[in-house]
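Going in written order, the chains are labelled A, B, C and D, and every chain counts its residues from 1.
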């Protein structure tokens, strides 16, 4: 039980450009196990929101059920949160987003919550390109119900129970790519340097941004033979590149060595800079991204980092052509046709 | 309303090697619209089962809800059928298969039934590699509820309603591939020459065999601008190859021109022969198959035919290591530990 | 057949059309019933269609009633039998003295040997074949021809048909003349060959006032527009789909921003019913008015989410257009059989507000009320319509809107109110004693009012708790809210004259119940109550208390409303006699009269002095 | 504190352990309660744990009762307070005259100022720190040390602890000595510093006969093995998960084919509860015995499928291990609040058979019976267990199996029977008049017996129909079957002595109810009935009829069993007084006595001559 604080600790007095201190982004005491990967992700979210100068109350954090889905209580205490039912975060977030397009939607889920009971809703929120950040805290198991294998547990991976998983695992990044997500990334909760810029990029992304964060469950799935344990992941990570998030390209001019780096420009002009990239494919090429995941997997490695980015597609609101004003802000006058039109309508019905 | 009869009409008297006439494989009067693609698929199923000499009563046909899911009533009247609830055919089939591994499981679904409400169950039955044939009668719409776009309706496709679909479509073959299906094919209900051998191959395949059959809905989605209409599909089909199913390779020796053909050998020794193939990739290479679908799609075409085949994986029973005897045939003696072991057990609990 | 047996009546008959679906008969049949309406004669029409798209039997029943009885009466006086598949059954179902209209292009088989009915043959196929060569035209005009024949046979003013055709095809004037020609073909043939055969007439009256013809689902969809609903998540299912279709249609008409062409509404066809209600819950939580419409299977699937909304106190507007259950049941037949599953949807101690509209006007009104109640009570409200109401065209009062009406958005704190708050705000704190706490909408205030919504147990400040006492306190407060609900829902409609016998009904049983009551009252005084909502107000309990014999009319097998009444009002079930119709067809007045009379006769036998009757079990 | 206030008793006390979860206290506490059991003294233990994995408060309550009362009594005599987070609350909750055991390594703050209790400080941290250096060892042995101290304080035979340790670590003998050492550390410290302080004793008796200690879920899992279940589809959810874990454990022990090492069972962790029950339905349809276990949220999600199984008549064995609802509620607290949602699960007219086990032995027996009933009745059967029963270790009768018992697989036609059939077989034809038709399993016969299963309406021959009469006939037959069910389900257990007052209870309320009855009967005659199943047999109706005052004990807010009784038996709800516990904690005898006595006092006031009592409303 700890308060989640980002590793990069700012003095309480330090304020970001929006005038908030880091405290404004923190939440309640975490009740997760000490060392749980999920807590690190919470810390990264806090730090990302602080750095991006977001108004905390303009964020809605929505989750399903599970240890992972509990985390929204532990960050962004000034934001409204919704711990819904198991596997149904996507639909609740979709409704929330329909009601008010102006908030930032941070969806948090687990691998059980998303890849099993929530698979249908996951697929369809991707397909609709809902403008949200979707984070899966992926530990390959059902933490809250005491460690059963989840559908992301790799075949042969061994959890605390000691029985190797027999079924193929579902790769959520590949699913997201397949279903048309605009930003797809995979991270490791133990690697904040990579995670934070990617969360920032996901927040800035217009449309559906998916981050699969491998997040070890220290209590039930952190054995040496678990492919979602700290040890295994650290040893098998293969990164698309070392990543910097640059909020405003006019501001800083970093000198990246030519050829070894590449830049992803986000819709607000901010940039994601990949240094010393090991990924030799075009990040905006879906087919290439899919291949790359497979190729790295064939080498018994896990591809991490930003895997795909493309923000040319309309989001759900764009597709269904809603007005700019959030729907929840339209007044009765704007919504109710009034008595007059009824005369004509009734007449037609005679 | 018609009785479904395969196009290739055998005289009633003609019997297959198992001694059944074609009548043994037929079902009740179809109540689908005249011209509905689904009826053609039923006919192809009838013909395939006849040709394969299957004992009709050793088949279980299971479906969800929809026009497509009604079809099991219209074929194989001697087989038990189960028209379950919307989107849940996979779980019912899974249970049935667990109970008796010795029957052939023919699962029939629609694109609404599979790609929307049934997405979760679909994904997981693939993942478990259940030994079954899974046929989606894909018309890009919800026929039975009068023509709403389904999740397989392509963006821009226009149904009878006249409003272009705004969301991306879900490609079920790609999903199946992604999730590890052992046999993946796409066919067109209007092309029996391709469909029948593939159904046969799917039946012979050990493990999960998936066939996405584009099957026009003449009533609600057969406009010229519908990418699931007869016209569009006929014009945009791109086949992996012209296909022959050869039941026993020792029997017939066909002379295929070298280089232009390839052969897929099924677990019982039968073969699927692709002539004049336009697919220049290895059918047993998953990555290549995925790429091929995408590549053909980029050319505004639909890849049809056998897309992928690999039967090296254990099916669900294999993975969970069940005995050979069907579980529903185990006797009380084999199942009940009896009173003796209770003495020891009770003692342990004191 | 003797003349005495011949059915004869003016503006009082039931005509049944037996067709094949997908054959275009629906529009012809509607043309006929609309003509009756336009003649100023009350009419009701029931479409009895199969659960497929084309080629199966479908029926259309038109009730013509000068007395204004709009329910099903029972029995058919006139059969338009143009479906070979069902013709013999249709033939047998005709009332003695009735009229059997058929396509005489083929002669009737010998088995059609009833001597107690009138045969009216019109060679529809021959006529169309001789007049039209295009097969599609043949099919369509065949239907119009029989309507023309009916116009003659029933002595209807031909002009009203012409006018209908003219207004129907105002956009496609080319079609007017051929349609009128087809009508005439039928009219003329009947006039020539069946002169003065039919003693059923439909003559012009002026009984329909300002009434309109509308489907309940269209009215509910319109109601959602007027109530200010902006978000709809839904999944197609018969018979609810047309609610959303109507909502979309009316939104496109009234809710598109003129300048930008953009929509002041968001309708999402969800991937299933779980997602549909998830969308509604998310949108409602975020301050929009949102709703979904479904039928039984959808309600079952929404059950978990309904429990969340109940416990986390989120407004939900759900329309359940009931069909015949259980399971897939008869998807195109009506029933009132989701009462228990809707009222107590979800595990644990839950209960939800239900509204029971009885006609399209009420579908509109109760939808608007439903949104207000959901916001005020912060809980799910379920509009319990049914297939009969939702998908049939009903004659009803015109839709009205009072421009001074202001939406009741309930206890929502805005930014200023939050700023002004001096005490600590608690999301689940009952400060007014009505069991309803104040809520806030995300994004309202930079510092105050944020809270965590959860389906797990929470204290008054929305914090997670596993303290049994705190949990129990919250659950008890929900009962206080439930009591508040009783005072806010629409009250039952009571007609009381101090009789011993009370008849209770609700929803679409209202039509036939009223007719049955009129008949029964000729020999026996009876009071009546129409229930409009659950939970029940005080008036419901009182009505039951005041009557020694209660008949409760329902369209289900298990007397579900009785279960609700008995359970919620602590009523002795033995005081209630259930009258149950469960075959999926809208209940008929005839059935009601027979059933109730039969019970009364039995009671009279058991208690000759008719004193301390306690009623029989259902 | 005066001596009179000091609690003193032999073999009659309640000890509460306050710990932090994930700290290894569970095994120490179990060691203690098992020692009581092995001393031949009846014991019951309740684990009150949080819905997280590590670091939150958890309690363990041990009831020691020479009289054999195994429910919660109410009140704590002895508090082992080793959780700082809750210590003060724990302190306040101790009964006057009780004993407060705490870690005296740190001195108690001044606020701990009660003068009516005994403080027993043992410096657990100091002792462990001085004895062990490894932090993990420190944590584990700290718990063992307090158990050792208790052994002295409660004057328990130390040998029984040594034996327990020896048998516990029979496989890891290295651990025996250090554990015994830790026990001794505590024992010795207490002996030295708290000599003869505690007047609560636990002395050896021989009261436990051949009883065993078992969790209800383990018994249910074992029952499924004995019943011949081969297929389980499931989805993890507390508190049901351990049913499947037990099933798997016992299958691995008894159901692996020796020769091949292969499994005579198939357990699939499904993707969700919809799939879990889908798997069960598919397997049952195909002739295997199949089951699933879940809790409230799962039952909600299974609702649509349960309706299918009801209507298509497919055996389903479902175990609902109830927890506190609604929604996610309190996942680690108990309740009996899924009765209505289980009994009437799904839209349309549906009803399902429920079984109410009251102890692990019954979990076993009723699971076996449940499979027989599901097969015989071809319908869902739901075992209504709860967290208290399922996840706590209960002292109960040993599990028994009669080797002459033959599974009742119900009316299933085999190949020979099909061949021999002379009449046309109808899947839904009631040939015996009991409402139960004959079914066939796929693949049985090459020519006969194939049929189409559907959730849509069907005739007697399983053909699709939209004929309302045929549909209604089928639905009425299901009521006949329901009547048959009443004669087959386990009968209620009635203890009747002709008293005016009858007390009804079911499930885990049985323990405390019996204890309360013993107390209440000292002043007032009372009969009792324990309900074991729904639908109710004739004996249930009769019991209610025979008693002018009925108390009905339930662990939910909404009196759900009362609703079932009233609705199904047409009982006047006013004759039943509900006694409801709803805070998620197992009901206590103290609560029951107080509540019932209070009602009785009120009744006495209203009816001084105690004559025509009609009971008060709940």
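FYI, a contact is a pair of C-beta atoms (placed from the backbone, for glycine too) under 8 Å apart; a residue touches a chain by one contact, two chains touch by 3 or more.
The chain lineup, named per UniProt: A, B = 2-oxoglutarate ferredoxin oxidoreductase subunit beta; C, D = Ferredoxin oxidoreductase.
On a predicted model such as this, the values are computed, not experimentally measured, just so you know.
Q: Which of these pairs, B-C, A-C or B-D, matches A-D in more than half of the residue pairs in contact?
A: B-C
Q: So using the touch definition from the top, which pair is joined by more C-beta contacts, B-D or B-C?
A: B-D
Q: Cα centroid separation between subunit C and subunit D, in whole Å?
A: 44
Q: Could you grab the centroid distance between subunit A and subunit B? Build each centroid from C-alpha atoms only and quote it in angstrom.
A: Distance between chain centres: 35 Å.
Q: Which whole number of Å gives the spacing of the CA centres of subunit B and subunit C?
A: Inter-chain centre distance comes to 40 Å.
Q: Which residues does subunit C have that touch at least 2 chains other than itself?
A: Only 50-51, 271-272, 297, 304, 308, 327-328, 454-456 qualify.
Q: Pull out every residue in subunit A that's touching 2 or more other chains.
A: 85, 116-117, 119-120, 123-124, 128, 151, 320
Q: Report the residues of subunit C in contact with subunit A in the complex, numbered from low to high.
A: For this pair, the touching residues of subunit C are 37-38, 210-214, 222, 225-228, 230-231, 233, 250, 254-255, 257, 260-268, 270-272, 274-288, 290, 304-305, 308, 398-403, 406-407, 440-447, 450-456, 463-464.
Q: So in the complex, the part of subunit A that touches subunit B is made up of which residues?
A: 116-120, 123-124, 127-129, 151, 166-168, 170-171, 174-175, 178-180, 286-287, 290-291, 294-295, 319-320
Q: For the complex, give me every residue of subunit B touching subunit D.
A: 28, 55-58, 60, 62, 72-73, 77-85, 88, 90-100, 102-103, 120-121, 123-124, 128, 316-317, 320-324, 327-328, 330, 332, 334-339, 341-342, 345-346, 349-350
Q: Which residues of subunit C touch subunit D once you look at their complex with the stated criterion?
A: For subunit C paired with subunit D, touching residues are 50-51, 295-297, 299-301, 303-304, 307-308, 310-312, 324-333, 335, 337-338, 340-342, 344-351, 454-457, 466, 468-469, 471-472, 475-476, 479, 556-558, 560, 562-563, 566-567, 570-574, 582-585, 617-618.
Q: Looking at the complex, which residues from subunit A come into contact with subunit D?
A: For subunit A paired with subunit D, touching residues are 1, 31-34, 65, 67, 70, 85-87, 112, 116-117, 119, 142-146, 148-149, 151, 219.
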